[in-house]
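Labels run A, B and C following the written order; every chain starts at residue 1.
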């Protein structure tokens, strides 16, 4: 059983009016994205096949998982370009049609799947998502990638890892580990989709409902 | 979305838009892929129950279901226990016992899918019933219009031909109206139903007067045998008054498109050079049929806990 | 024979009286009658009407005993307050000979729940080609007076003229199923807005009206009696009104379902609502009610048409047309005519007993006398109705062998409490006595 400790450390937002349950502010999110961008540049530099940082980054594709993984991937690409001067390919893969829980959760509108012009064969794919929880979304994304091509390698970058994995999946890059209980709900909100950057941890009010696994 | 898709009126504007959007996303997701298959409906069973020969519609639904990884059973009523004797209800109970999650039904009797929907728990998709409706045809037509013209709202559509006996016309009038298009029906008065005045469409007997004022002209198949029941004097006269030939096509606005649900009677309602022209969307309609039907199956079957 | 004392019933809705029945006849009517030994039927608040007479019943025997028999149909009729029904000729074999009509007559006598009066076919095998032996049927034990190819129109105008003329010899009447067949090829429902939407082939009102117009002119020309079955359109009512104003000997009936239901029912595609002629529009329903109220339409005829489950649980186009009517006929008339104030109880007796009996020539003083006044000395053919009761129709509870009631789940007024056929109770306390 996971720890039931409250994740409220370091909760003071740096600006604006925080929403109830806000544990990470816009400034925190920006710092996390910057740090992840730097880590991606470092990894590219050590990509043995590529030879140097520029070639390593050129081989990279940031694949966002809609909804919020997509803007996160674009932000990471923008920061990488700002720090390194190299433009990185960004893509999105909608996983809705690959989910294994349609029967329980019902249908929803699909989001775009957009790949780089040359596809993803032999590229280093970094899947980008907002929250890592059960790992089922990542599994669905891996299934989708398998149908889309044959990358050289696939890695995973998430803004928040809240624990409670149900599959043997781990993230290669984590913005922040947030220990939570299963009864809690973790929400990442981004300007592009929600009008504000922040991360919330709230107590679930609807009995029996769990966060999107 | 309702559980069944029996007629165009089952879709409100939001539902219809969701189907078209979903079809577009599926198209995009599958574009250029070698593996044109999605695991979405793995473990679901889709039955194609066809009481009428319609190879193109059956194949389209079959491909749609298979691309979503559903198990597909083709239950062709012709030449089986169904063709004579076994009632629709008994067949429905059989399908129910087999655990069909969806039944795609084509039937020569108007309303047969409505009856079936009373007897099975799964979703019923009307793939054409008698002279009633063919809602997925209307969806793929709307999808094709949106793809070519960028919108459906405000688009002026002429539907030309045997409206009286056409399930395609009934579904298109309903769906296009729901989506905000302006429909004009063009036909000889004998091929318009009594009561057409209650439809959300204009009516004209004069094709030449209508053509310069439309963005889409949708030609309906006309069976030459209709002349035996005096719906029109001869195929030649029909073709002269209501056929779309190159001269008439020239009267269309520059970016107008020509549609036909198929199968075509070349030389009867549509001239070969029109069917094969750049305005013609006939081949696209076939391709769009698969993605539209995938969207329908996904939206009806994908979720909604049973 | 049991004698009955009906206490406190209101004949034709009038003041409460006691009615004493002995030896098959009404022996006395009055207040506080002394009837020692009579079985008492408490009838306070109940309306007494003469036993109802149906001009148009399909009993399906011989041929389709799985759908109805003379006995089950007779029981349904008694429970509906009827004491006589005319059994239509479209059986298998067709009732086009003296042998068949005598068989039906005998089966009815054996059942003993209502008088089953056979209708003879106009043409051999209902084929519309040549006259059946109408005289032989008229002279048979069944004493047929009503002739009809119902289910089919006698479409050939020359043949119709001859039939009208020929039956004059024995005071018969031709009951026409008015449907121009060339205008109703493949027809499934009323032709109008709804048929256009539903994609079902239309049955135009003009196909009925054209035949009625033709036949009233023929009846006038040859001076014969014409009866029009199941009138269903406003136009037909207009033509009948015109013909009657000219003195044409024409009578007409309307079904309960055409008084209540419209083509909107077809939107479910449930073939329980498929019937021929089809359910029409609100305007037609209104014209039919008005026509029945002013007497242009003489009678209510049920067109009770039982069908086996497999003939109705199907696609609309494959289903057979027709619906049950006997057990709910009076209820529908109360709902559509009495409660809105368009017909009083005397009017109900007139349209459901007196006039149909007269059309079928049952109104004499012979042994099958029907449609007579409620008066001492008259045959005790009576029905007691509780007008205040309301009940929801449950097809499973019907006495008919079939279940194709269009009123399933509908609440209707009026309960048949008792029915007497020549002094024998066929229904008591709402239940068939056998």
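To be clear about the criterion, a contact is a pair of C-beta atoms (placed from the backbone, for glycine too) under 8 Å apart; a residue touches a chain by one contact, two chains touch by 3 or more.
Bear in mind that the values here come from a model prediction, so they are computed numbers and not experimental data.
The two chains most heavily joined by C-beta contacts are B-C.
Using the average of C-alpha coordinates as each chain's centre, C ends up farthest from chain B.
Distance between chain A and chain C, defined via averaged C-alpha coordinates, is recorded as 77 Å.
For this pair, chain B with chain C, the centres built from the Cα atoms lie 46 Å apart.
One inter-chain figure worth recording: chain A and chain B are separated by 41 Å, centre to centre, where each centre is the mean of the chain's CA atoms. Those residues of chain C in touch with two or more other chains do not exist in this structure.
For chain B in complex with chain C, the residues that touch the partner chain are 87-89, 107, 109-112, 114-115, 129-133, 167, 170, 193-199. Across the interface of their complex, chain B is touched by residues 94, 97-99, 102-114, 119, 143, 147-148 of chain A.
Contacts from chain B toward chain A in the complex involve residues 1, 18, 21-22, 25-26, 28-29, 32-33, 35, 37-40, 68, 298-299, 302-306.
Put simply, chain C touches chain B in their complex at residues 188, 191-202, 204, 268-270, 310, 313-318.
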